[in-house]
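We call the chains A, B, C, D and E, going by the order they appear; numbering starts again at 1 in every chain.
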Amino acid sequence: MTIEQLIWLVPLLPFLGFVINGLGRNSLSKGLVGIIGSGVIFASFIISVVIFFSLQGDTQKSHEVFLFDWISAGALHIPLSFLVDPLSSIMLLIITGIGFLIHLYSTSYMHGDAGFGKFFSYLNLFVFFMLLLVLGSNYIVMFIGWEGVGLCSYLLIGFWYTNSAYASAAKKAFVMNRIGDLGFLLGVFLIFTTFGSVEFAKVFPQAANMLPGNDTLVLITILLFIGACGKSAQLPLFTWLPDAMAGPTPVSALIHAATMVTAGIYMIARSSVLFDLAPLTQHIIAVVGAATALIAAIIALTQTDIKKVLAYSTVSQLGYMFLGLGVGAYTGSFFHVLTHAFFKALLFLGAGSVIHAMHHEQDMRHMGGLRKKLPVTFLTMLIGTIAIAGLPPFSGFFSKDEILAHAFQASPILWGIGVLTAFLTAFYMFRMMFLTFSGKYRGTHHEESHLHESPTAMTFPLIILAVLAAIGGVINLPHVFGGNEWLAHWLSGAGVAQHELELSHSTEYSLMGVSVAAAVIALLYAYTRYVKGARVPVADEAPRSALAKLSYNKFYLDEIYDFLITKPLDALSKFFYRIIDNKFIDGIVNGLGWSTNEASKGIRLLQSGNVGFYIFMMVFGIIALLAYTFYYI
Amino acid sequence: MSTQVFYFVATLSIIFSLMVIFAKNPIHSVLYLILTFFTFTVHYVLLNAQFLAVVNFIVYMGAIMVLFLFVLMLLNLNKETEPSKSPLIKIVGVIAGGCLVVTLIGSLKSASITSPLILKNPGLGLVENLGKELFGPFLLPFELSSLLLLAAMVGAVLLSKRDEVEA
Amino acid sequence: MENLFTQAAGVPLNHYIYLSAIIFSIGVIGVLTRRNAIVIFMSVELMLNAVNLLLTAFSVHNNDPSGQVFVFFIMALAAAEVAVGLAIIVMVYRNTKSVDINVLNRLKW
Amino acid sequence: MEQLLLLIFLPLVGAIITAFAGKSAKIVSTVFSVVSLVLALVIAGNFIPNASTQFEVNLPWIADLGINFHAGIDGISMLVVLLTNLLVPIIILSSYNHEYKNPAAFYALILFMQCGLLLVFTALDAFLFYIGWEAALIPIYFICAIWGGKDRIRINMKFFVYTIAGSLFMLMGIIYLYLQNPAHNFDIQAFYALNLDSAQQGWIFWAFFIAFAIKMPVFPFHTWQPDTYTAAPTQGTMLLSGIMLKMGIYGVIRWLLPIVPAGVHDWGQIAIILSIIGIVYASLIAFTQKDAKRLVAYSSIAHVGLISAGIFAFNQQGMQGAMVQMLSHGINVVGLFFVLDIIFSRVKTNKIEELGGIAKVAPQLALTFLIIVLGTVALPGTNGFIGEFLLLIGVYNYGIWAAAIAGLTIIFGAVYMLRMYQNVMLGETNSLTITFTDIKGTEKLVLYTICALIIVLGVYPKPILHLTEASVQHLLEQVNQKLNTVN
Amino acid sequence: MNIIITISITAFIVLYAGLFKANKALLPLTVVGLLTALGFTFCAWNGNAVHFGMMQTDNFALAFSGICIIGTLLIFLLTQNYFHAKSDNIAEYYTLILFALAGMIMMVSYKNMAMLFVGLEIMSVSLYILAGIRKKDFASNEASLKYFLMGAFSTGFLLFGITLIYGATGSFDLDKIQAYLVNSQTISPIFYPGVILMMIGLSFKVGAAPFHFWTPDVYEGAPSLITTFMSTVVKTAGFAAFLRLFAGALAPLHDFWVAPLMVIVCLTLFIGNVTALFQKNFKRMLAYSSISHAGYLLFSLIVLTKNSENNVLVYAAAYTFASIIAFAVLILVKQKTGSDSFESFNGLAKRNPLIALCLTVAMLSLAGIPLTAGFIGKYLMFLNVMTEYKTLLVAFAILNALVGFYYYFRVIVAMWFKDGAETELSAPAQYKVVLLVSVAITLILGIYPAIILNLI
């Protein structure tokens, strides 16, 4: 079986799962739904593995698989075709692999929910679209997946739609994504008008011949980056992601941590040829990424909702990845995508396990001392936390340091921000761990008696992910540690060429030392504060210092957007509707009618009923006509 | 000689016709109108249109004017019962009429047919001549004008008769 | 009556036109300024007569009897009109006890 | 040739029979509309997708005035004919849960209107086109004014006079062209062949454009539309928004662009600017609408604005996008109005704020509504995407800023559509919606058909694109050629 | 010639039949007489005979005669029981209408001013009387007197005009007048005011502004049937007379009289349409609408083409039949409700759908909606004016047509969309015949106007 013959099965299977689960959501039993939902993903995973390995043994690293002609109009031809190359094949593994684990987890997590079948069909659909996104051989197919995952994100965030806050969060996510999508779409248009095609295979070779800093390329890449900002929750479009935590926790793990939000990074990595030639865009990306990383980390410091902490952490980590992209560390960023997928999925699922145990209580102020009740969850989450904090030798350490090293090479300031963020990350993550698992239980006694470890279907994925989070670093072990940077080599087969790192080994070591030191200090500080000091975050209304207030209230970004965008637009809308449309434009239209009517009212008075007057008018008419004659002759 | 007669009669025509419209009493108006028509008869004679002069005398002054008088008397309108229009309207009316005169004459003035009227055929207005014309080329309208008179007759009877049916 | 005035004065045709125009306009003024329907009607008769006079003058000028024949038709019309018109006025008087045209303004606007 | 005559006049026959069908009018009209649909499909099956005009009919009608019954179908016509004959049965079916008083008249008028529409879409004689144009207007006026809602009389009068105002000026333009035509007839080919200078073309452009702009409607000629859509009975709104609006678009493509290319060249800018203003403006207004029907009405203005901009951008992508979008918009907007009608028939209100939680009690309705909404917001994989994507490329080729502003529709569309969806379907049920019953019977049939069309066209739009491609290309070439000879 | 004789004889016979109280026989006699006249009209087709140098029965005359006769015939069919309620002198009314018709035949076929004058006066005098036949009714009295006074007044101007033209040309004959205009080097200056005064006189007869003031009052005050007659047949004849003179004999002076005519047209359109807009009374609205239609009809004189006359024919036919429908329904409604306001039409569609449908067709035709005769008429008028690219005028007319939609649709709105009394409104058989025939003609002319387009 060649890749060409297999590849279409990968997205098709989840799609079939979606169709079957969707149609049978009310008739199929929950068990069957779970089996179908997870089974199709697992099958896809198996096929992906097969493809991955056969690609590894293949000399030809990229395969285009044409399915059918989708849109054609004039010079524009858009086939529905897939591109299998190292980049997409590895994404396939992540999506189907982690996807499968999360599906498995969900069979248990969502078991009590009435919308079980619906949930699985949505989840399958998401996987389908995500696969389409990474498999597309042109920007438009990528865009189908791009928007499709947005749709699934919308559906899943609003899964419990009877809660209007959740439904609003879903809408917010969709709309903010759409803002980015417009940028993406415009970028694609510009690609089409510049290169005459939207096929990767046709665009990149042409672009490679262009001069660096070419204006068109800069514009294209900026537009694409705007798209990525929306999908990957970067400043200024990140506020939807924390709200997206309204969805069920597996969704947060799969969509809002492991896969969908990394689509932006995937897309930029895929288009690295273009971005490499647009230094200006790269600077912008680096700055935006660094700023996002820092701001999100600051916000995460004071959050009390366990999922919110993770959500801001995700935003922050995504910022990291963009920082990496901005400084040319494509592989590094992609590496971080991988490791982040492992540990963030793990953390979310762990959080889900905690929430499951706590009967959907998410406020850490009501938790504490869960270590003994949930040992597996605690252990696996600890691994995840260590990984995200960047402590060696867990996976996060390697990916993060690769980015930091590149950042240092590009600009020490960026590196400084990176390290600061790493410090904050370590702090808030351990804060979360300590608040949740150590100390005394702070909930009611009744709840305490019901605490229990989650079933195997939930812990099994945790364990697998924990293993991956721990050892995942090996796939791109840097030279300084005697590694061979396998991932970088592999991805270069897809045309993703990382900038060379020109730092001496000693510099690299010292950089790592600084970041590790920062993480350790943060860990210790968190320990003294929350374990020794047994501090608990104060209640919502309690007074805070100005900085804490800023952090706690997310820099008032939502309020600022509301004030700067939503309110003015609403006001504008009302103004347009009430004043311009109803009063002015329609007023003119109606005014014409009205004035005719008024004219009628007036002119009919000429018909006074008085013969004398009539004759007067006639005589005036006659005089006028005769006067005309007089002048004519 | 006849030229001076014309101007004299024309002046009279104008004066009498003005009297017609300015007399307060309708009866006086009728009488002035008769006088005016008389001056017209003189004009016809001056133009050697003897037949018309006669017809004018008989039909207009005799029949039509008597009918007017008759109706006025019948309706007992011989007093100054007519509430006159407001002076403003009168003035405007006169001005309008004046304008009409001016424009009418103005537009006719350039006609400059200043050549004196010369009677080329003295017998033109005689009954014989007119009869030939009337019963020759104008036979059809002449006959059809019987319809006009008949319609008027039927109508006059119809309108002045008192109906029983109508409630 | 024959050849009463053989040379039909020497009055310029213009003056006949002016005279007719003036009388005609006087008729119009009458129509404009009076309220008594009968007087208005009489003013109309004045207008018709002005026309008659002019027709006759043109007839003489053109040496064409048809003008005078036309006067004849106008007179016939005048007779018919007077009959009908006075009948109408009488009818209106019966109902309104007035021949004032200002009373007639029920139909308007 | 017989096929075309049958196609056009079958609805008329149906209308007459329906008018006398009394109580069974519903069934009779359904039968006729379905037969018409089948006939249209047969014709589409026999249609060879090239640029030529097929099934042509050319019969003398009023010979003294150079008026012929000249009709035919090319790719562009075929598309709108299909749309018409597809939507009419759907619209008739959608009325099954209503008991209109005097149904015979109601259904007869719908079929009568269909005949007028088909005339418009197939006419190759300007006079015939005009006749069809007005003939389609009268029935819809009566439908809206007899069976409409509050304040319908005033609103429909405004609608009627407004639209007919435009068309009368168009008539003036047609007469002008007729007089310019040395052959003194109304044949479209003769009109194409005219050599008018650019000043003349400018005048003709405006005479035609205003008529079409009012019909579509393009900002600022749109103010009749929200009122009319709101006050009309749902089937009337569907006819108006689903099909009638396409008359304007079709008119631009068939009668404006090829006849006065220089006029379009000189003034098309303004048309595009107006269209784009309309997109943003109507979208913004839709943000805060309280009545769902009115919201959809404004959304329709925005969508049509994009179509119009795409056409005036005048390139293959924009044109093809307009083709697909005409079809898509017709299907989607009919779906939207039908859902609102279902809601209204159950709870007697379309006020967004009074609704909510319907998804909980009517999941099937929620699902179909969602698909339609997604189609409307142009999600890839739905029919709306194909059209909007091509249109935006078309506009983009015209100017990047134009596309950037026009592209706001994909953001704004999501905002107001999802807002409506959320407030109507999501959230907790309230006292009004708690007793809501899910869709059944013909409602299901109609909504599922619409949803199927939305997805099928979104996934495999090729037949539609293929159908119109040659004709569109031919049109573009023809116009460009003519433009070159003028300049 | 035969036509006039037939009509006159019919009138006499009817008059005598009235003397013998043969009231039942009146209508059949009249119908037979008119049908005979109509037959003569057909026989004379393409004959182009000249009678005594006074009358020319060319196709123009015959076509308009035909329309007038058919229109009168339909109106006679509407008389069923109409006069009986008002008077016992029915025969006289029949006679007067027939006299008026005879006058109109003269007006449409005159070749000499004398014929025009006599015909016009026969018609006018008859109408003065007919307008006042409801002797006890103030409105009828008022209408009659107003019509009479103003009519007589305007006749003065017409005569003055005729006189001046006679003075300039020395003849009353149209051919000679035209020959004078074509042949003579200089046109006598008194000719011009003559033309203008004639235009004034004829404008009065067709009700063109600013000489239209009598129209609404008289139309409203006169009995509806007479109003029908006045606003349809009489108006058509008036236009024929107008056309015969201005498009025929005076055509060489077109440059001179087109400017004042244009002013008259614009004023007429504007005043007619705009004033009609605010009317509450259907009958009065129709009166104003007739003024506005006069404006459209005059379009054919603004640009003289070989089709001008035929265009007027088409328009007049369309207008006549639509108006007859409108008035017929009005009479029915008024008999039932006693009112002719728009409100009395409320819910007519429920009370009698057939009548409502007929009236709707009539209104659509008057408004000029395609597929009705009215549209073809308007179209021809616009086309006519557009041949000289008088686009501003057409644009102005279009704006006025838009106003027209408002008031024509008011009655449609009242009939179909408003609720009124639920009482059934039945129509006598004769009314049904008239309505259906008129609707059929309106639709046939609208869908296939080719049959009438090249008549003249």
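Observations on the structure shown:
In the analysis below, a contact is a pair of C-beta atoms (placed from the backbone, for glycine too) under 8 Å apart; a residue touches a chain by one contact, two chains touch by 3 or more.
If you want to know which protein each chain is, UniProt gives these names: A = NADH:ubiquinone oxidoreductase subunit L; B = NADH-quinone oxidoreductase subunit J; C = NADH-quinone oxidoreductase subunit K; D = NADH dehydrogenase; E = NADH-quinone oxidoreductase subunit N.
A quick note: this is a predicted structure, and the numbers were derived from the prediction, not measured.
Counting only chains that touch, the fewest steps needed to get from chain B to chain C is 1.
Contact analysis places B-C first among chain pairs (by count of C-beta pairs in contact). Ranked by how close its C-alpha mean sits to the mean of all protein C-alpha atoms, the top chain is D.
The most distant chain from chain D, with centres taken as the mean of CA atoms, is B.
The greatest centre-to-centre distance from chain C, using averaged C-alpha positions, is reached by A.
Separating the CA-averaged centres of chain D and chain E is a span of 43 Å.
Distance between chain B and chain E, defined via averaged C-alpha coordinates, is recorded as 31 Å.
Chain geometry summary: the mean Cα position of chain C and that of chain E are 27 Å apart.
Rounded to whole angstrom, the centroid-to-centroid distance between chain C and chain D, based on C-alpha atoms, equals 67 Å. Contact with two or more other chains is made by residues 593, 604, 607, 609, 611-612, 615-616, 619-620, 622, 626, 629, 633 of chain A.
Touching two or more other chains at once are residues 114, 117-118, 121, 125, 128-129, 132, 135-136, 145-146, 149, 153, 164, 189-190, 192-193, 196, 216-217, 406 of chain E. Multi-chain contact residues of chain D (touching two or more other chains) are listed as 161. Contact between chains, using the touch rule, shows up for A-B, A-C, A-D, A-E, B-C, B-E, C-E, D-E. The touching residues of chain C, counted against chain B in their complex, run 1-19, 21-30, 32-36, 38-39, 41-43, 45-46, 49, 52-53, 56-57, 59-61, 63, 65-66, 68-69, 71-73, 75-84, 86-91, 93, 99-100, 102. Those residues of chain E lying in contact with chain D across their complex are 364, 369-371, 375, 379, 382-383, 386-387, 389, 391, 394-395, 398, 401-402, 405-406, 409, 413, 416-418, 448-450, 453-454. Residues of chain E touching chain A in their complex: 145-146, 149-150, 153-154, 157, 189, 192-193, 196-197, 199-200, 204, 209-211, 213-214, 216-217, 256, 259-260, 271, 274-279, 403, 406. The touching residues of chain E, when paired with chain B in their complex, are 4, 8, 11, 15, 51-55, 85-89, 92, 95-96, 99-100, 102-103, 106, 112, 114-115, 117-119, 121-122, 125-126, 128-129, 132-136, 164, 188-190, 192-193, 196. Residues of chain B that touch chain C in their complex: 2-3, 5-7, 10, 13-14, 17-18, 20-21, 26, 29-30, 33, 36-37, 40, 43-52, 55-56, 59-60, 63-64, 67-68, 71-72, 74-75, 77, 82-85, 89-90, 92-94, 96-98, 100-101, 104-105, 108-109, 111-126, 129-130, 132-134, 137-138, 141-142, 145, 148-149, 151-153, 155-156, 159-160.
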